[in-house]
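The structure appears right after this line, and notes come after that.
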């Protein structure tokens, strides 16, 4: 039985931490899990695959909005203009802007993924992917298909997404699988990435459609992490700090109990939990955003979240003619969260001002009516 | 002692003259052939009302006299009283009024004042109050004379214009004040319910009167104008329910006349509109003369008939705060009384009636002494001549003396219309 | 045919409107539960902040599009803006201002408040003529602001710095529809003051203040908010092209003022304008109460493509006024 803090877990932390330029310890950058992360659009195939980081624009938006040093901010930027051109939306406002500027408002949803791209390019981290690796997409309509993974030179692969309403409209799950025998154990790795393919321009036919909106599990996935309620009825990120994550873990479509789940946030909060008999673990996410004054508060401040699930299955299995007596399954998934609305929305002030408006006008009307009952006293000339 | 004897003598002789006058008018009216049978109710009504002096309705309720159609009688009904319009058309009372009123005053006001003076002994006690709106000068001034006769008088302040918002608000406030006054006088609070009932009662009358008016303008004449005046005049004092009942009967009879294609008069009779100072029974001199001469009054624009019931109260909320101003609006906004300035609506109304009722000529009556109608005569005449409609302007009063001279003029006018018609055909 | 027309003319539009408003309210506020989506550019306050809406108010999208920089506004995406405006105009032209009187959920709420006030026996407020005229220009100012403020986000005016995105949908932020309509979906989240930025704080504060004033105002005055509604100002641009019309025959009018009396928005021209055939004014919501209150035959009528739908008749008038009531 492995320790709860697996090496993969630390690698996850590390990669996230690296991204932020706050690197503590490089010596531990060895991983068991594989991760999927969006690749930069302008990246050359032979280029250096970057650290796993969250969808396009995260780096920028978080850097911009939280007022972090220009270093990260610049690192995030070069990708933008080209990417923007590709998507045919020049000069698109970032951060809280976007299709649903108004929605962003007080509910603090995150919307970078709420932007349609005709091709999404992903990279696999780390690069040491095995030759047999394969990728699949479980589409928004529940159908699955294979994707090509170019494993010889690079771990970059692309998913074509038709820019209209159709099977892809909604949350799409992208998977990468590989396996190998290592130290006499069959290592089966799964990486999962979720992308929401949606444009308001396509209409909102799938809005609130439970079939479209549900978090799906791929039957053929050796180990699959499914987190419920990550997005709302209109495909916005709906995860806020402090929320309870309901994580379901499946192996080949069946819930598995006793799987070790490790959740880590960008800021270093970690949580371990084992799935119960139904393969479900409930984890309350930390509230970890406390700027020193309210003026510094950004409701779009992104927190990042990564999780792995792993378990070891005893019993002989055969891989490429080699027989081992243990199989180790490991799976990864990452997402993001924003501050909870309660952190910056005040009902009491709202109701106070609303009541003041109501009572003030009501009293004004009442006074006016009282005054009207009195007879006119005098005419005053305006000289 | 001598004074009261004289008063009693005057009253007696006036009553006698009144009864004769009423009988004479009714005789002339009933002399026409083919009077509708349902009109008998109205003939009888006048017969009994005028046979013995002036009889006010007696049904145990308080009576409130009104001196103009501008008085919102819905409020009086809602306060539990019975409104009686006092405007008189009796030459007998006109003569009685001549004793103390200026010679050049309006016969309508003079007759009304004469009636109240002659019947001072009884009416003063019968009438809880006499409501006088500040419309024309003579009615305004008569308010003071009535106070001097010890009548309880309520003055209803009315603006001299209806165009401005201020005038409308002023009138609404005035009517609201009147509502308070009248419920105090009648000793019963006006409620939304009682007021609604009163409004509905008058609406029902208005609806029936409109149907009657519709039948009157049929191209096949089923009823004569003189009968219409009897019907509308009787709304001054008759019980509204009985009145409605009688009018329903009349309408039914006229409907059957219409379907049987029965004409009450020659179908080719020139179609006329009557406007100006109001004919009030028994002074139906001019309308009767016109119809005796072969004309047919298919429409009128007088405050004793068509203007009386045409307009309808509409309120949005069944609460007094909306109903009372709504009633106020009904009495001011559509008013075409020449007391108002500007009064373009009257010309417009006449023109509309001329067109909708296919009128060929207009008879304009002005009582000598009735300045507002006399002064507006020219403008109306000019407007009508632009439209190619001939107008006969008649200045007259309640006395029967000018009947011969008038009938010649009326006959000539009707003859000219017939000639015109032949020319255009 | 004539019997159908007679039936329609004798009908009580107010009762029909009450139920139609209820239906439209359910459709626009709860339509999402049945996956109904009438359109994204509706000329009525089908509030986009309501999750279960059955259609969307055009103003949010319009304000959002106004944030486009000129380069975008006058190139490809500009076509999208025009299509949006054309769709809006298309929806509007079908029903003209009846969107306000029959469909607008915010208008319906005001009418419900009016019913409540009436039942409580509290009298209504009225504006005097000059006040009415003064106030009714506010909606044009609001319309200008809801275009100009978002424009100042994407573009610099006179070299001034651009506004930040928290100014994004300024009218929505102060619209009582945003705070009140989501409540009917059980969403109370719009009742808050947003302290995440100063702009948001001010806008959400204004929004709540306006909401309070709206509730008090609409209770005291019929259709209080409609006088200030920038949507109504935007409507008026297209009103003349509409297929549904409210016409008046000045010759038949007696200026009795019944129509003015029942007009919830207090349009005096309906009674006193004898010259214009098309009588729809910018504040009109085409509730057609005026038609039902008119006792003159054929004086006021609502027509669709020239075909009369609802005409004033003496018969219908008296039938409505004299029908049995409580």
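Should a chain be cited, it is by its letter among A, B and C, assigned in written order, with residues numbered from 1 in that chain.
Going forward, a contact is a pair of C-beta atoms (placed from the backbone, for glycine too) under 8 Å apart; a residue touches a chain by one contact, two chains touch by 3 or more.
As the structure is a computational prediction, the values presented were derived from the model and not from experiment.
Based on which chains touch which, is the overall arrangement a line, ring, star, complete graph, or other?
line
Specify the chain most distant from chain A by Cα centroid.
In terms of C-alpha centroids, the chain at the greatest distance from chain A is B.
Can you tell me which chain pair comes out on top for contact count?
Here the largest contact count links A-C.
By C-alpha centroids, what is the most central chain here?
The most central chain here turns out to be C.
Distance from the CA centroid of chain A to that of chain C, rounded to the nearest Å?
Computed from C-alpha means, the inter-chain centre distance equals 40 Å.
CA centre of chain B versus CA centre of chain C: separation in Å?
Centre-to-centre distance between chain B and chain C: 46 Å.
Indicate the whole-number Å distance between the mean C-alpha point of chain A and the mean C-alpha point of chain B.
Between these chains, centre-to-centre, one finds 85 Å.
Under the definition above, what is the set of chain C residues touching chain B in their complex?
Chain C reaches chain B through residues 118, 121, 123-124, 128-129, 251-252, 254-258, 260-262, 264, 271, 274, 289, 293, 295, 314, 317-318, 321-322, 325.
If we count contacts the way the header does, which residues on chain A are in touch with chain C in the complex?
88, 90-91, 93, 95-97, 101-108, 200-201, 203-205, 207-209, 232-234, 294-295, 297-299, 341, 344-347, 349-351, 353-362, 365, 369
In the complex, go through chain C and note every residue touching chain A.
32-33, 35, 37, 40, 48-49, 51-52, 60, 63-64, 67, 69, 71-72, 76, 80, 125, 153-154, 165-166, 168-169, 172-173, 179, 188-198, 200, 204-205, 208-217, 219-220
Taking the complex as given, what residues does chain B use to touch chain C?
165, 169, 196, 200, 203-204, 206-207, 210, 310-312, 314-319, 321-322, 326, 329-330, 333-334, 345, 348-349, 351-352, 355
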